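First subunit A sits with subunit B, and in the next complex the same chain sits with subunit C.
Now for the complex of A and B:
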């Protein structure tokens, strides 16, 4: 098939488009590359010539990072907590999203907005009450505490996404299933859930990233190495009057890679989640 | 058959021994000790050693379990949330210049340790006037210091020589003349900063403030609420001049690490900081080999040095009196003269107690520290730091406003007014 020849104007527009895309890629990738390159530099090189390539590629930063902080243990804990919080978040919020989307009951909209409003409460305001509640429940310094808090933190976003997702599924599908004899649970798990896979994946990705990157509650609610998560490990490398940027950037490299991989695999779902609800609410 | 009996006997012996050992350790009191002195913190080796020594000395009775809270600010945030939540605090909290003692006292969470201190003559002797100012309230002893904030400045001898300067200035006039000489020789004189409390800058400003009687009096005021005084305005005017003419471009917006890197790289001749920086001068990941030999230490002009014990460890009120006793034993151990000597040896921490001897071995290990301490001992004027005495929260206003002062967007008078407005609206309780 022969390609249509572009006019000079169209060619200029296309070239301009490519230039814009290349710039966008550079802007997106540069900070990540900078961090990875910095993990091979000395502290002096990082602070004096931040943009240059390392004089010598050295793995000392990674060695120091692993010696100074139990990064792999924190990594495993982070993974366990984030995965559990994500699975539970999506499971529970898909149930509530379905009810908010498909069922009618008094005070539905008010309840939905109250739950959504929790998104705008600043973390600082939540610290003290959450700490008190978790302590009173006897969950201080447990993984369960972080899992519960992370499920709650991701609740408003997941609820909005999943409510929009279930709203977009035609009611006829549900009615047909009911006529075929499907009960409430069968209808939800066998008909609705398969249709909402896209929205659930979007909610899962955002919930996972929120849990994986969260720092403040992990600091406040845990005390032992066995319950600490990866973001806390980054604080081992800088103190008020002391710093080890090489080790810090090595630790960041180890910490961000899973987030990048997850995002790369599920970017379609994340992008969809950002526009979810803009068409039909 | 014999073998069976022997095996059974061994098992019984192991079980009895195990039971006895476990009953011995069952009475052991565990002290959960959160600390930020881990990781990259320069005090980490000393604290780890002291924890080991305490656990050995009190084996079977008390045991410290360290909770690592890396990052000074993170530590302060965590303790602050615990205080605000009215939950039981860890048995021992280190104030560490984060103003945690007053916060915990407001929540009525601190145990008065006067009786324990007075029962030990060596411990009681540590409570000099400066100690009492930091660690006591209303005549009651609440905290005990393990480290002193004795601070002067460091200078690059090679750069001084290039500029034709013989050594540290004795007066502020000489100091500013030296800055001009450095500038004329093409050398940037000062390492300054504006971010994270502008540590290096506030040391310089405070030292200059101490050069007048009014300034010194102000510097010694705990939690002042009025910064509109001539000495403070003059000091901020001097800071503005220094930002605009005598420091690096990255000073505005830069934090301690930028200032330190400029000094390590030989980009500037002078940096104000404490002796904890000394070990960095020989760290080849931060500076070139042999840099430590180029560095000199000095007290400030007009015979001034920062010298105040850092707010120490305090015991918090617990439901279990035995745990409180264990916590008192820990504070006594960690702030004893022996412990301070260990901290000096391992991490170069300047002792808070004047009874700790600076031995020849220490002077050989840290020659620059010896040089500084000998100059500091001759100083007639002493005070704690400017930001250390600010009301809680004012440090954030201080570093938010400094870039405006540095660029000339605000005048020294405006700057002092902003500080006054905040301090007057948020006085310390």
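Now for the complex of A and C:
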């Protein structure tokens, strides 16, 4: 941008812009920094002033937090559920997305329209019957229950992303593969999938974020410690760490930091995925 | 279509359709059907109730209209002010001022970490003893203004609203991506014609970003209809029902094993969602003409 002389109006606009940027950074970072700083303070320091900096950095809070709550176990549970749900979601919706993009059969448009309904139904409305269905299947309080539900929650976005991804692959490619004698499966896995990697990555990122952060269904579909996911475990912290604020803040920090680190590394990919997934309405 | 491909087509559609049936189609039918039944576990009852649940909800339920109003107010605040905030920042950032990438990444962080973590952070920031807000008031000598923010009648609603209101990272990211994808030639041309940056924003960039803004408004409305953990973990919906929304009301109704009534609330949520989406598309459509 040229550094030409700015009119007073332009200058005001620019200053306003910088103020907004600074405020945005403060709003986004302050709450998290406050929690991290507080996790190094002693209980007494926390209670005497919420704003002061820790007098010396002690890791006692972290030690106590990990002793009092099996945070790494919640972590592992969350990871296992999210990864499985993401992989299955992308696999299933690549399969159906491919069919909707490339194949013709009677009732295709009606079927697609029906599946698209999942986009306009607020899933919170379905809490009670989903609970009933999962219980009737004997899956209450199992990891499988959450995996199935999370595959479904990410279904609408994945369907849209993957259908358009496969639509963008030229038909000639498939024709050529068929000429070479590739069957249905070979064509799908060896020709189509490699061309659809970008869309699949976007769908995977969004599905993973959705599963990793989901709270409501985890709350109603599980009860025991062995199926407790990380977001859900946060709701037990207040009771678990009663009046041990240092440990409480340490536990929140442990729960939050990995997401931030991973996001910092993959933010370009996450941003692209969000744009690809913004297909609502 | 090749005949021998039919089994493959069915096989490839099967997993998606099965999950859809299990988690969307069957539950949707159960919500609608169940809303006409009196179905509860304590005392165990299961009987057809006609539109009895709806009559009770709309005319006898003392809490319903307050909860309904809360939900609508939050949708409006979120769709208008929250999206406006995110859009404004996107319009600042697309001109690539120094540090724009940093701001984009940092502002997104609260949207990436789980909402329950944000809720827990705010629960502590609002704490009357050691929370940030009261500590600041104490530091500047305004102890009179201290509150138990999340649990007092007058402050609970705005306090809960602030736990998500300022975090418009999604909107910023999406609108910014749209603005950055515009042909820079158009903007340069407008500059050469002597347009000020505000004029360019308003007359050139905004119309081209409008479709993405519509998308973010719809996402904002959808988000508000799914909003649960942020309330459940902070104020718990209280005091009374002052910060309860429809999903939380559905949850508490379900927890008291009044399943039929919970389904009636579910139907209301679905209808609100449909109407909201229709209205948003309507607003953006008429603006186009």
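Convention: the second predicted complex is superposed on the first by the 169 of 281 C-alpha atoms of A that agree within 3 Å, B and C clash if a C-alpha of one lies under 4 Å from a C-alpha of the other, contacts with A are read in each partner's own complex, and residues count from 1 in each chain.
FYI, a contact is a pair of C-beta atoms (placed from the backbone, for glycine too) under 8 Å apart; a residue touches a chain by one contact, two chains touch by 3 or more.
Computed from a predicted model, the values in this text were never measured in an experiment.
Of the two partner chains placed by superposition, only subunit B is touched by A:69; subunit C is not. Touch criterion met: A:10 reaches subunit C, while subunit B stays clear of it. Once the two complexes are laid over each other on the shared chain, residue contacts for A:220 go to subunit B and to subunit C alike.
Contacts of A:116 after superposition: neither subunit B nor subunit C is touched.
In the superposed pair of complexes, A:184 makes contact with subunit C only, with no contact to subunit B. By the touch criterion defined above, A:127 reaches both subunit B and subunit C. Shared-chain residue A:267: touches subunit C; no touch with subunit B.
Once the two complexes are overlaid on the shared chain, A:244 sits against subunit B while remaining clear of subunit C. For subunit A, the partner that touches more of its residues is C, with subunit B and subunit C as the two candidates. Looking at the shared chain after the overlay, A:95 reaches subunit C, while subunit B stays out of its contact range.
Residue overlap on subunit A between the subunit B contacts of one complex and the subunit C contacts of the other covers 47, 127-129, 131-132, 216, 219-220, 232, 235, 237-238, 245. Those residues of subunit A that touch subunit C in the shared complex are 1, 7, 9-10, 13-14, 16-18, 20-21, 24-25, 27-29, 31-32, 34-35, 38, 46-47, 49-51, 88, 91-93, 95-96, 98-99, 103-105, 111, 114-115, 117-118, 120-133, 148-149, 151-153, 155, 159, 184-185, 188, 209, 212-213, 215-216, 219-220, 230-232, 234-235, 237-238, 245, 248-249, 252, 255-256, 259-260, 263-264, 267, 270-271, 274-275, 278-281.
Touching subunit A in their complex are the following residues of subunit B: 32, 34, 36, 38-42, 67-74, 77-78, 81-82, 84-87, 196, 199, 256-258, 261, 264-265, 273-274, 276-277, 280, 283-288. Of all the residues in subunit C, the ones that touch subunit A in their complex are 1, 5-6, 8-9, 12-13, 15-17, 19-20, 22-28, 30-31, 34, 88-89, 92-93, 95-97, 99-100, 102-110, 112-125, 127, 129-132, 134-136, 139, 166-167, 169-170, 172-174, 177-178, 196-198, 212, 214-216, 218-219, 222, 225-226, 228-229, 232-233, 246-247, 250-251, 254, 259, 262-263, 265-267, 269-270, 273-274, 277, 280-281.
Taken in their complex, subunit A has these residues touching subunit B: 42-44, 47-48, 60, 68-69, 127-129, 131-132, 135, 216, 219-220, 223-225, 232-233, 235-247.
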